[in-house]
Amino acid sequence: MPDVDTQRMPRGVRRSSPRQFLLWILPWCALLAFGLYGAGLCLVKGLNQTNMDNRFAFGLWIFLDLTVIALGAGAFFTGFLLYIFKKNELKAVINSAVVIGFICYSGAVAALLVDVGQPLRFWFTFWHPNVHSMLTEVTFCISCYLTVLFIEYIPILLKNRKMRQVPSFLVFEFELHKLMPVLAGVGTFLSFFHQGSLGGLYGVLRARPFAFREGFAIWPSTFFLFILSAAAAGPAFILLTTWLVSKISRKPLVRPEVLPLLGRISGILLLAYILLKAIDTLVWINSTSPARGFAAHQFYAWKPFGAWILFVEIVAFGLLPALILLRRRLRQSTPWLVSAAGLVCLGIATNRFVLTIQTLALPTLPFDRFLTYLPSWQETATFLAVAAYGVLVYSLSFRYLTLFPQEKDLSC
Amino acid sequence: MFQEHRGQILFLGGALAALVAGWGGFPAVLFQREPQPVAFSHKIHAEKAGAKCDDCHFLRADGTFTGIPTLDKCSGCHAQPMGTTAEEKRFMDRYVTRNREIPWQVYTRQPENVYFSHVFHIKLAHLDCRQCHGRQGQSDALGPARVNRISAYSGSPQFQNMDACENCHRQRGAANSCLACHK
Amino acid sequence: MNTTSSRPGTKPARYGMAVDLDRCTGCGACMIACAVENNVAPAGPDATPRTGITWMRVYQISNGAPFPDSRAAFVPILCQQCGKDTPCAAVCPQEAVEVDPATGIVDQMPQRCLGCRYCMTACPYHARYFNWWDPRWPPGMEKTLNPDVAPRMRGVVEKCNFCHGRLHAARDRAAAAGRRELLPGEYVPACVEACPAGAMVFGDLDDAASEVARLARDGHSFRILERLGTEPKIYYRTARPWVRQAATQQRKETANA
Amino acid sequence: MLSHIVFLGLFYSVLAVVSATVGLSLFRAVQDFRARRTEAICWQATFPDLPARGRVCRHELTGEFRHRTCDKAFDCRECQTHAALAARHPPGPGEPDIFGLNFPLDRFYHRGHAWAHPEPDGTVTVGLDALGARLVADPEATELPAVGAHIQTNGAAWHVRKRGADVRVLSPLDGEVVATGGSQHGWYLKVQPDGGRFDARHLLRGAEIRPWIARETERLQSALDPTSQALTMADGGVLMDDLATGHPEADWDAVCSEMFLQP
Amino acid sequence: MGFTRRDLLRFSGGSAAGLLLTPVPWTLLHDTAVLTENWPGVPRPRHGEIATRYTTCTLCAAGCGVRARCVEGQPVSLAGVAGHPGSRGALCPAGLAGHHLTFCRGRATEPLAKGKPVGIDHALASVSAAIAECGSGESVAILDARPGRAASLVYRRFLAGLPKAVHCAPPDAQPYGGFGIDLENTRAILSFGARVLDGWLSPGRVLANRSCFQLIQAEAAYSRTASLADVWVPLPPGGEETFAAAVARALQGDDADAQAAHVARILLHNQPAIAIGGGAAAARINQILGSVGRPGGFLPRRDFMPATNIAALPDHSIRVLLIEEPAANDSLPWDVVARKLAQNPMVVALTPWLDGCAQHADYVIPAPVYLESLDEAPTPEGCTVAGFSLSPALLPTPPKLMAPAEFILRLAHDPSAYSEILKQRVAAIKKEARGTIFTYADAKSTRVADFASADDLWKAMLGGAAWFDDPIRSSRTESLPRAGWSNPPAVPSPEYPLVLISADSPPPHGSPLMSKLYRESGLRRSAIAAAVHPETGRAHGLADGGRAIVKIPGDSFTAQVIFDAAVMPGVIQSAGRASSPASIRRA
């Protein structure tokens, strides 16, 4: 039995014993099962199982989708740098990036299918699209990009030790890999748009002055901010995961210069993002919001969602990590690097949270009140299911596929 | 010969099987054929009784449409058996004498969410019954109704097809917004 | 004379409503009439004020003064039928929402709706409602459903459409009389008909002669969240300054902890 | 309307590109099959996955470079660098005995431990060199190509099973198998090279052999026992005849994959 | 050679590819999506002949005209009758959903004896037995929710045949005795806690005249009416009498506190003015204002049928009590009734509901609700002329149900049916030949005299019509009845430092829709809500939205606390609770 197991693992690298591995995945499987049960309830009994309501029409799941997709942006951006800009150092993490991207996007799509009231009508969006809706853009791009990610995942799959014994697989992989730049290009294009339109999702809500932003052509400023922030968060998240995996598996996975490089990329983008974000916020406070009859300070008048959130988002989770990542010396020390990356991811999460949750909590009708919302256990379970699914897929991929090509050389 | 092309042959075989099943078997399975409870002949009623469409299928004063007439409309003439056919007899003592409504199968029942105004099409658009209902008015026998087993709609592509409505409305410049025809 | 057909050559209508807040006593007749007319199901046992469906919803507002100077007013909120870049119509991913050029009514198509609820986040009036449950009526009560309005299924969004079933019925009656056009007053939503105080007036805003158009021009009339620039078609009217204030000015106090 | 066209146009062109990409790679793959490029491509796809230490250029072995990784997948026939260097100072004669292993000098050696010996009749005899032979001494199974089969340089020549290790031996030349032997004969295949003449430019010879074997034994050691640096050679540096029985603890599959260039 | 796994893969691959070229996948996608249109469990409305029918609402004493839209005979929506002289074309929320009443939970569906189902005959037998056993000094009483109807005549006739019997009414019935209110000409109303803008008289009539009169609401509770009145005089609980006296003094020019003086000024400057709801003192004010018997005040009308106020009966005097509880929105103050019952009394509830007086009854005779049986609407409350209209049934009467009047007729062994009694009433109207008939369908008024026969009149009324008497010029000088609604002052004590007072509450019996909409819109605070002034709340350690236990003498209940700065300090406002001293603490 262990033989069957080892014969499917890549040669020249050491992996935990089957028993250990089983002990590792079992709790995650349990979590997944529990989550699927919760999601099942929502599908069978309807969305009354959630704590969403007519006022909080979007809840935990949308927050999850936006965050997860931002973190998954590493796949497209690394691919973009590797295949288009020929940054070959990134070969070391591209496989891992692709797998992470695939996990994030498939997870998000799964969550969305539970989130909609009539999943059986999912194809209506493709058949009767309202091309003016940001959500249409999101739906189209994400479904396309998920396909792309799947195709990018195939070569990694085919390089599995058992698979590669079939010559035809190897040949197909070889030919497909030669065309990877094309896919990377397409992926970049798609990601560019749906990351943006995810931002647009709220930016276009002209009737929600807290979220509404002026913009360029049909795209509000959040469109561009989301692209930038996602591009910044993606590498940071890859950095984080790579570090985490090598901690858990207790072995070096990439050469020491790779993570700082990721950090640097993230840092540069993050700085740019934060600057633009700050400008955008100022414009919003001084022009956009007052023009619609709302003084911006009113939005922060409701405890506990005070202005401190804005500060934390921009300074603590933005400026600070950006500066850390841009200092060569700090970058070189793993603790600084990793914690900075962590902050970046937190920053993205905060930004998405503010946009999705706070927007809905704030009153727009003058005689209305601030609302609170706490996800039900079914919602949370579904949320956790996505996480568990991610961990499982990644663990299996890490065990049986070559996610970090350099690991082999470093292991000796 | 077979051995060397085994792969292709199997593949094509599979495809062929699927095509046959998909085009041949599937529709037969999907649609349930509901026979009509009574052997009704529009022809006889039109020729022998000289009935016109709107003798039985007429508009009410408020513009609503009666659709298929109720039993009392039938028993209006069929108080006594007309003719001696077995079918007539069956019809009489199964429905008329027991005063039970006839469970007609409707070919063209509109979905609950559709607002189809006969009066608009008749009085304002001046459409003739035949333009939609074809030669049903002259038919000698009523065929069975086809009911989609999944969607539970009495499927008659001509009637259950929004595009057909939309196209005609577009050509004639009639209202084409959702709630113009939905409720 | 207004028309509800989009035939080229005939003038389309722009239906709107004027609500006199000084007459409204908050009795809720409009809500009941609306729910009865539009086949809204009674709430299930575990429905909350925020999960139930009330196309027409009466809010109580107060002048904020403590005892004994408190005064109250009531604001019926229904879909405001926004006429310019209608927020909900713009965001729906699959054209389940549209603005009918012939009537100016914002159509919501439950049969097309995916239930993504994006339109609900877009609506500033919270006038859109989601079917969190399968619609359920007490045994036998489904006999009282209005045949002119299709009950909605679970998992879709719905909202006020100015009793479109009544518009259909009115059109049928007109057509039966050989008319393509509706006479003023031939079509009136249930809430307007039911209001015992006569606080609501309905009609074609483009018809300068109509009562509703006159009230819309009235100096005491205003629209809620007018500055969002969505051109709502529901006008509110009050001579009491504090009521207008409370209905239009964003609250200052941070009354929650 | 225009926006519809633009939007859907973009969407469908993206779909088109994606499916075209997949389709094209499928099509090419089929083409490769037709053109019998499979083996070459397999090697092409395999080589980058070899550990760096398994990919060193032969001229690094001989010390002409300090560090050089082969970028031609061990096919020196296409390598200008090699051509230039080989022209400047061709490898001198070496001696056949290396650490007590016999590497006859009339043979050419492939990096995958197969040797090729051109016979006077124009055919080429192919076998496993002393190190390779010790790795898979008395194998559980040997799977030789049928007489008349065609083998390609760096493609799989034959397969040997030994203690869970499924070894495919890389072919040192292109040609058609005319006879098959086995471990007991001391050779495995007799091959009629393509085009009648045997091109050995990509194979090691003479003085190149010693540094290569030296490096190979290091790799062997680390593969046999990654942890200790103890000399694993029996009696004063001479490898025992059957390494497998000598190292019952070693993961033989890993050892063979390392030595026979299998990722 | 056999069929290998690879072969299977090939085959299924082929069929998958082939399937894509068939309608199967696309049809499945489409039809499953269509299936969601008629999702299982979503009912189909009935289609068919749509007809308009007319009736009169009997849910309360207002007697509003009703137009019903019926599909295949089943009413699907109700609306007012335009031009109806009593209701001015309006219906209240309860009336709008009246056709749902028949589907409400908590209905009495069969005769019950001590909660056990029994046959109607058995019920009749035991009730007559109990009546026969009535000892001296013990009386039989029928509590008539709305005296002055044909049913009331039936009751009186039955009681007349008994040795000691009394026809009584709830405390707050007939507040204006034989008078109506000439609202159309009133310029000011001083209301002592009457729900003037919240269901008083017939809403349509009140609201139609709202802009013509000044409304002064004098009550402790911050009620719907108080919040909308022109002037709210927040009286201390039970302070009506004192304040009324003060206003009376001010009206006569004597000195009074500023507030009373202010109110008096309004009343004097807006003549004719009236005072309502305040018991004796209010009557006094009316006397001073001279509002009795003059336009814009209280005008006498014919048809007054006085009934004893049950509160005025001697305690422990009733042996057999038959309570008629109509499908009313105002429930009966049971504590008042209980005081009047003798030793081992028999209480018979003639009611459609199990949760009203039926809880206290030995026998429950299930009555049909509104629209389930032919009934009558007497003179609308506060109407200045006598009135009468029929309420034809639009729904079939469920089996085992019996109208209260029918039951009493059976008790009296009177063979005539209730409908006969109604017919006699109509015949009487025709005979006296006074007044006009307003027919709902065409909104036309016709003199009674112009009807050919009593039968025509009967038919007309069955088709939906209302009779209104001609106004009378009477020189009746008796003042308003002294009885009527009035709060006993509730004195706070150390044990009960606060005062519990009633707030507007949703009607106990109504369409499920109504309760839903009221709850979700928050228009009516639910019965478990207790509103207090924030200071009062904090003083008693309460938190907004928290739960609290309210103690009143001999009772206590838990409620959800609502901080409302509009509520009078020291007061707990809770729906449907009688005024009483109370204490509150955090649960």
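The chains carry the letters A, B, C, D and E, assigned in the order they are written, with residues numbered from 1 in each.
Following the convention adopted for this analysis, a residue touches a chain if its C-beta (ideal position, glycine included) is under 8 Å from a C-beta of that chain, and two chains touch if they have at least 3 such contacts.
Note that the coordinates shown come from a computational prediction; the quantities given were computed from them, not determined experimentally.
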If a chain touches subunit A and subunit C alike, it appears here
E
Strictly by the touch rule at the top, which chains does subunit D share as contacts with subunit E?
A
In the touch network of chains, how many steps separate subunit C from subunit D on the shortest route?
2
Please indicate which chain is farthest from subunit A, where distance is taken between mean Cα coordinates of the chains.
E
Taking each chain's centre as the average of its Cα atoms, which is closest to the average over all protein Cα atoms shown?
C
Distance between chain centroids, defined by C-alpha means - subunit A, subunit D (Å):
42
Quick check: how many Å separate the C-alpha centres of subunit C and subunit E?
29
Mind checking the centre-to-centre distance between subunit B and subunit D? Centres are C-alpha means, answer in whole Å.
74
Where the CA atoms of subunit A average out and where those of subunit E average out, how many Å apart are those spots?
60
So which bits of subunit C are touching at least two other chains?
48, 52, 59, 111-112, 134, 149-151, 153-155
Indicate the residues of subunit B shared as contacts by at least two other chains.
62, 64, 111-113
Multi-partner residues in subunit E (2 or more other chains touched) are 32, 35-38, 44-45, 50
Per the touch criterion, the pairs are A-C, A-D, A-E, B-C, B-E, C-E
Can you tell me which positions in subunit C touch subunit A when the two form their complex?
44, 46, 48, 50-53, 59, 61, 75, 77, 85, 87, 90-95, 112-118, 120-126, 128-134, 153-157, 224-230, 246-252, 254-257
Touching residues on subunit D, where the partner in the complex is subunit A
3-4, 6-8, 11, 14-15, 17-18, 21-22, 24-26, 28-29, 32-33, 37-39, 41-42, 44-46, 49, 51-53, 164, 222, 226, 253-254, 257-258, 262-263
Subunit E partner, complex, touching residues on subunit A are 118, 120-121, 123-124
Would you tell me which residues of subunit E are touching subunit A in their complex?
29, 32-33, 35-36
Please give the residue numbers of subunit B that touch subunit E in the complex, ascending.
6-7, 10-19, 21-23, 26-27, 30, 60, 62, 64, 111-113, 148, 150-153
